[in-house]
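Note that the chains take the letters A, B and C in the order they are written out, and that residue 1 is the start of every chain.
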């Protein structure tokens, strides 16, 4: 008599059945499930497995938000930890909610002008064949809700990237407004250019812009939004002094390491889920290229920082993993193992040089977000053209020029929009905490509580 | 010649095959696998995918125990951290072991009187068709071991909820005995009323009691057991003074944030796995409603606490995620996206008011477990009736009255049993550490070691 | 027009399709996917589900590396935390990269002499039927890349085990060289004896050596390599004094607890993935036995340490989980639930006695790696013979003698090789940091930065 829990998955098809049901009694329910697939019943098992992967991948992308939160908190000062955690809680919450209210249907507007179409709230995505293989066509072996939840987890990422770069001095209410606009409105608009079937599809001589899981439309988007905000905001007080750059040490490196490993873990969902089905060939390739690039990214950053900084630097190594991951994100499904090793290695070298460069020109990015997501995002897009494996007899599909044009467009869109919006917010309400608050730390000043207490 | 590792999954069907096996040689093994399914071979692939989801979901529910451990440790004082971690290690270990020894067969007794039937240890659950679709009928697309391990991971949760509420002053051996009785005996008994096919199935005019993944039989059960224990135990010394409530600050908020994000992550298994198959339609819906409610829960708690406490409160926001999750747990498969947004939002408001209320009446719950799991558990059960989506042409199934009756019965059963048992333990061996130990901290006093050392 | 992202999973089969594709238009693509499986199309859905499980399991094994990193960092001194995290970053990175360059094809050399065959870099593993059920035969329901990535995640584990044992005094460059040789060369060679179809297959009267997921070829291998290194290296200064053993307290027990829970979580992939398919029967059994043994391991260690040390010891309890897990790793697919409970319990007792024993003979292993992985690895191998469930009518397959011979061979190979290599490195470049560096801590001395700062 476990029928209640037993049968609920068939809702609303389920009929109440007696306990210890015999074959004849419930077999029709399975048949009903198959029957509900209509013309797509022939592929039901493949569809089911692929959809399962989609929701698991969504869960993995979700855990990246814990990765971002702990990485950002770990790399900054103790006195601003609560503030960073609070911002990250807000971003994932508002990101998902605005994506349901407006983002999803803006991101995937169906047939549109290629540039912009504002969508409304999601409805019953299981209706009208939304729970069959018919939803979205073959390449999208998931239901409407599967599609939504996977994309919703991506959406909050862009704002999270900004969060790290503006940490330790941004005014909380301003950031909350900015993040809401960025994730709820501009991210899906720019994303629609590529994933929504917009104008980016015509690049590379009409062959389309290659950005597998979002080196451009997620990472470079976030990285260049971050750059704009940092320019409006200015550096943390006391970092760039008359006597030179005064490094502000991370307050908790184990927390930062937890963050990077969780991001790496979640990236299996980010890239692997972007296969958009459980097709075994591409899935294994994407897991392999993603892992290899992350690992050579770490080795590349480790070596480069050891040479330039004369010590084995943990923060740089951690960012090296992420650099490799961002670099492979645009091209994980079209490069070879060797290609992945090289892409990651170069990304690892780039990220160290980029972090040092931004520090030199006094652009203060406490976690290296602009370098990791922005610069390595560009690299990933270019690498798609450079390392594309061309099957025998086929022609090369992607060009450096087309790829560059696409990523510049995305980056510029993120930068300009963010600069304008953040600048307007600066005029209206200010973007920066007071000098006293920055000195005291945002945790006690804004949140009334320290992150750590020692009361024994 | 990779045969040893290769063939082991077919044990005991496997025949030793030569390396580089040819099609003809191993195809019979696959055929044998299919053949072993007997009459259920027709659904083997769906069954395999569903069973895979069940064990992955079990792993996700497992990680919730790390979430509970870190959340509880993070929200309490530094000096009691080892004690909390130790308790959580014990709970997951004893919870799983007692569930194998007695719990599973008590929880799912088969045909019984509807109230109570004590079961024995699990046997070979793969035997007698336990590894086919025939096990448990269609709605339970998992093997016997899959069923066991998924439910075993749930079982320890109830005791964990209590652990947080009694933290920082409960006597360790007393708690260990209580937790063993609660998780090994009373949890499966009360659970059998609903999931085991007991009397709760007759509520709502015979349509059954709606508690999808356990807002009542897991969360409210744990929350009201916690309330009983806290009443017997009394508040932490120094919290409620003549001059008013003296807040005891959390010692490590990053740890608490890690806990909440891991709980959210694990909840995908808790709710998603409760679909009891990989049926794509319900699976996508449940992932979506679960996520939306968690996110509006956080936003609701954020706003409510900002208004009442005049600051952006991280602890309340974290509890808001959990409130939304508990609220959606009873109804995730029968509400719409809009319903989920509202259910979570209200849960987030409720949890803040409830935490403030319990503090006002001097019921000291260091982590807010009674509010999160008990009060929001009730809300989730009621919400099932309020937000149930009724398909066109169908009739509403669940009533407020029936739902309320069910959750009150479960909550009362948990409360009364816990109060009596904990009170008897108080008389026999005491439930509270000495004043000195509480002052010194349980880590050094009971465990002989601090959680953190600073020896450089 | 979501075609770009939609269709990419079919690369290179995909044809550019119009938006809102109709059934007739994309059905051939699904057919093409099936067709690409050739003779194996009949099992495509089972293959797809199994391959999905393989890559998810690989991700779970990946997260064990975060578990090792946090466990090792948590159990040691604050001043050496950065160094431990850096080593763990290096190990996963170099482990995966060397496995691609040489390890995989050495580990699985195909037909060889049974002892040694050096392989080259992996090529396109999807080619030549590598993405069909034909790859590797039935028991290996994964593609070539799936096989690679799952095994690559295992490979780094052996070196990680050593990392914990030599912590707080090993010279970084020396360790990096040693770890590279161990993981890139010797681990795959010794592994090939068993999993690669080598001479171990002839043990137990020709029935093969039973080591399901690697109690011997991963854990005992790592544990005895660790023992060798510790003997060459010597204990941490100040631990074994004239006045007796001076315990060096762990600096962050929450971090250690996070590590153990993540290892437990990852072990579902380690053992569960070793089923090498999603066959429902074995999968449920392996999840259940793995969990039960971990839990009785914790209870066994808890009880044993409470009796011997007169206090409820958290570190021992944490190691008890791992002891149970290592103990069940060799035999998880051939024992009963009762067998698993007993195997774990004994492992939990063994690990406490072993840790105390090694401390008594002044072999300094800061995290207990030799006991957990080495000694409990042996126990797991023996337990395979002791607790093997023999189906009615069949004969017992594994003997104590054969199992012992196998694990001694693997352990001795790891020990001797490591001793020789580490000793040579000692002569060439030294294996130990200077007394001053050890006193100051490796973080500031070698990495120039502390793990935690308190700058407010």
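Here, a contact is a pair of C-beta atoms (placed from the backbone, for glycine too) under 8 Å apart; a residue touches a chain by one contact, two chains touch by 3 or more.
Owing to the predicted nature of the structure, the values given are computational and were not obtained by experimental measurement.
*Asks:* Can you tell me the C-alpha superposition angle of subunit B onto subunit C, nearest 5°?
*Replies:* Resulting rotation angle: about 120 degrees.
*Asks:* Answer with same or different: of all residue numbers used at the interface between subunit A and subunit B, are over half used by both copies?
*Replies:* different
*Asks:* Express in whole angstrom the distance between the two chain centres, defined as the mean CA positions of subunit A and subunit B.
*Replies:* So the centroids are 29 Å from each other.
*Asks:* Which parts of subunit A, given as residue numbers and ranges, touch two or more other chains?
*Replies:* Counting only residues that touch two or more other chains, subunit A contributes 45, 49, 52, 56, 252, 258.
*Asks:* Could you pull out which subunit B residues touch subunit A in their complex?
*Replies:* Touch residues, subunit B against subunit A: 39-40, 42-43, 45-46, 49-50, 52-53, 56, 60, 77-79, 108, 110-111, 134, 136-141, 194-197, 201, 208-209, 212, 248-254, 257-258, 261-262, 264-265, 268, 272, 274-285, 287-288, 291-292, 294-296, 298-299, 302, 311-315, 317-318, 321, 333-334, 336-338, 341, 391, 394, 440-441.
*Asks:* Over in the complex, which subunit B residues touch subunit C? Could you list them?
*Replies:* 1-12, 14, 17, 19-21, 23, 25-27, 29-30, 33, 36, 44-45, 47-49, 51-52, 54-56, 58-59, 62-63, 65-66, 69-70, 73-74, 81-82, 85-86, 88-90, 92-94, 96-97, 100, 121-126, 131, 142-146, 148-149, 152, 172, 252, 255, 258, 446-456
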